[in-house]
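The structures come next, written out as structure tokens.
Two complexes, one shared chain (chain A), two partners (chain B, chain C).
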Partner chain A sequence: MTQYVQLHYKKEVKMKTIKILSENGLHARPASLIVNACLEFESEIFLVKGDTKANARSIMNLMAMGIVHGDEIVVEADGADAVVAEEKIASIIEGAAHD
Partner chain B sequence: MFKKLFKNKAVQMNTPIVGKVIQLEEVPDQVFSGKMVGDGFAIVPTEGKVYAPIEGEVIQIFPTKHALGIKSTEGIEVLIHFGIDTVELKGEGFTSYIAAGDHVKIGDLLLEVDLEILEARGKSAITPIIFTDKKQYKSFDVSYKDVLKNDSVCSITL
Partner chain C sequence: MIKGIKASDGIAIGRAFLLKEIKVEIIKETSLTIEEELSRLETAKEKGFVALDQLKEKTFETVGASEAEVFEAHKQLLADPVMAKEIETLIKTQMSSEYAFSTVIDKYIEMFQNLDNAYMKERALDLKDIKTRLLKILSGVENDKQEIHEDAIIVTFDLTPSETVNLDRSKTIGFITEIGGETSHSAIIARTLNIPAVVGVGDEIKEINQLDTIILDGINGEIHINPSKELITEFKSIKQALDEANSLLNKYKSIESITVDGKVIEIAGNIAGVEDVDAVLEATGDGIGLFRSEFLYMNRNELPTEDEQFAAYKTVLEKMNPKPVTIRTMDIGGDKNLDYLNLEPEMNPFLGYRAIRICLKEQEMFKTQLRALLRASDYGKLRIMFPMIASLEEILEAKEILESVKNELINDNIAVSEDIQVGIMIEVPAAALMADVLAEEVDFFSIGTNDLIQYTTAVDRMNNVIAELYSPYHPAFIRLIKQVINAGHEAGIEVGMCGNVAGYKEFIPLLLNLGLDELSMSPNMILKARSIVNAHTITNADNFMKCKTKKDVENLLKAGQ
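For the complex of A and B:
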């Protein structure tokens, strides 16, 4: 039971949902910021929206998600620096709120 | 002789838009001129029509229809971003004839854009054409000139 709670907690921490506040959604400018920020990490990094998942290192994949104002997405990273990577990418997306 | 036989494969790309081909560095948006999205070139359109420059599959068209991506049969991803800051028009003035997953042939009409609406809204129609993944090609050679429909504009070495 304790094990379950811990796992659940960990998952809650890692899977932070971000609501897209930017009027223009996740278009070329914010997408390029994300791709460039990914270069400093070695983890695999993805953006997840519903059933779709995009490699955050690919501008084309990010734009193909068609993320628009009001969408809810999750940053998912896998690797040694996953936690830092998720925080950094999430903060870029939130910082682009007025773009 | 063997050098010639084994030279790298080159893919010819037609212009997607009728207009004037310019250097990417001349685009009045740092995201593109600074090559943050990738390398390529740009076109100053004289017509509001976008044709498939290369045969391949439509990867995406952004919900606002101002940007679309094609993956060529050879595996090169090309982003066509019509105008600067045109995401803010939210689709106004843009008519799309394609959807993600469509197979397109060179010259297929992909998008129509009302250039008068862009002008009235104060948006530049300068259109960056970007190769978004540099791992997919070795080099490319652009013809910087005025181009008409079906004119070759770029040779990409794989």
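For the complex of A and C:
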């Protein structure tokens, strides 16, 4: 008997975990959008993938992290506007996650 | 002949232009103070930003917005705060700006090159581009724009984004690079500009000398160096045919398929497997009108499993979503046999045990396919189509099985789309004659012309001796089509056609006049068909109903009636 998977969509409980769906991973364009968006905030902002952590203000760091299709990313911010910053950066990654 | 990776389609015939690489000498020591060195670097970076802005502007105008963004990314890379800190640290140990900058950026270049992702590896080239740019500014090397000759096929190690943008595009007809892959800048730009490119040629690129005559075959990824006259003539004619097809392609891509009088027609593609979907997408087909699912059963030793089928259907549905995908259930028998089914040899296989007739007997096999189809239905717009229907009973039975499989899935909590259309092929004269009755049980008809012609005219289409008798011009065939379309429309369902005739240029106006809603054909015909549909005004087809002979039909068609 074949096993059938549950096909209904499961919502992630932890809001800031974002799965990268883009074939090219987090490529130059979204990385560039993230860096630009960071300029609005005072907080220190990081992207975390497993054990590695990248300064979201550094496109070099973001790209060198080699975020690929299927990776799960967490946005971490530390500072006065941390909550808004996390929201904003996460939404950019999500918006770019499909292209 | 040398080979590489095909990066952009097309053929170019021209002369090689070897780009020279400009090297900047880097001296580690500096005679300046740390402050002077830091401000020197800062000034160079400022100049870099200005140059990048100009390049961005130029790219925006000559290539496009998304390629222009590359230079925005370059600006950010150059402005990177983390990298700036590292460079500053080195300069503070009494190093020259050139040396400090190169050392740091080289480290990142290596990091990118070691990433396990082809796209990111390519980005190392962006860093190299930035490196060269800044080093040139620091050392005062003036702009190195190279004058190229007419019909130049650029030959180089790899094209950096700025080299690519600076090329004189009116003279560049192709790229050949030693390294790089499908996502390299040269490849992307070549595709955007619609000029052929072969990349990643490797060491053999050295066989090309300045001004060599080159045939660049981007379709096969081949380069012919100093080819014979005959070969040039041959490629010129291929190129001409391609150019004509391409201009058509561009004009009719991504536009609605609509007649002059405003009827929207679905011009869809026929496919035999997942790998064919891209051709339909490339031609911007309005859907898949026929997925010949039996090909999943062929060239193997056992039946495909439910999961295998599910994966194939899901991929096709997802890729096409929201456009409709018509999947025909297994159509084995006739000229398509499966050894592992151990079907008895028959005297008249086309009149024998085939398609829906097998499915209604081998119900487990049929149910496996239906389960796979229903599971996949959640991923797009699915239309299920039963082949070789000759009677109402067959439809009712097939639908009953479909319904029971659907209920099983729902009980197992598996998502099934609520918007699945169920239709039949009209390829047996009995079905065509009973179309008004059958129409009440299904959501659509699709006329299968090859079988309908052979059954209506009693001509075995595999028999060469009587090949002449097999003809779509037979007036009986035209009348049957008319009857099927009318019956479908009276019942309020769509009528399409997925046989060869749907892709015949001369037939399309007639099919539109007869009232067809959908035409499904080989993907490479789609744009041609759209060009015909979009130039056509629907009238009636009354004069065809008066035709007495095949010749009458043929003459009317040729007269463009």
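Note that in this section the second predicted complex is superposed on the first by the 84 of 99 C-alpha atoms of A that agree within 3 Å, B and C clash if a C-alpha of one lies under 4 Å from a C-alpha of the other, contacts with A are read in each partner's own complex, and residues count from 1 in each chain.
Criterion: a residue touches a chain if its C-beta (ideal position, glycine included) is under 8 Å from a C-beta of that chain, and two chains touch if they have at least 3 such contacts.
This structure is a prediction, so every number in the text was calculated from the model and none was measured.
Peer 1: For A:Gly25, is the partner it touches chain B (first), chain C (second), both, or none of the two (neither)?
Peer 2: After superposing on A, A:Gly25 lies in contact with both chain B and chain C.
Peer 1: Applying the touch criterion given at the start, work out whether A:Val68 contacts chain B, chain C, both or neither, answering first, second, both or neither.
Peer 2: both
Peer 1: For A:Asn55, decide between first (touching chain B), second (touching chain C), both and neither.
Peer 2: Only chain C; A:Asn55 stays clear of chain B.
Peer 1: Spot which of chain B and chain C makes contact with more residues of chain A, would you?
Peer 2: It is C that touches the greater number of chain A residues.
Peer 1: Can you list the residues of chain A that meet both chain B and chain C?
Peer 2: 24-25, 27-29, 31-32, 35-36, 58-60, 63-64, 66, 68
Peer 1: Where on chain B does chain A make contact in their complex?
Peer 2: Those residues of chain B that touch chain A are 31-32, 36-38, 59-60, 62-64, 67, 69, 71, 77, 79, 81, 87-88, 100, 132-133.
Peer 1: Mind listing the chain A positions that touch chain B in their complex?
Peer 2: These residues of chain A touch chain B: 23-25, 27-29, 31-33, 35-36, 58-60, 63-64, 66, 68.
Peer 1: Going by the contact rule at the top, pick out the chain A residues touching chain C in the complex.
Peer 2: Chain A residues touching chain C: 2, 4, 6-8, 24-25, 27-29, 31-32, 35-36, 55, 57-61, 63-64, 66, 68.
Peer 1: Sort out for me which residues of chain C touch chain A in the complex.
Peer 2: For this pair, the touching residues of chain C are 66, 69-70, 72-73, 76-77, 80-83, 108, 111-112, 115-117, 119-120, 123, 126, 183, 305-307, 375, 378, 412-415.
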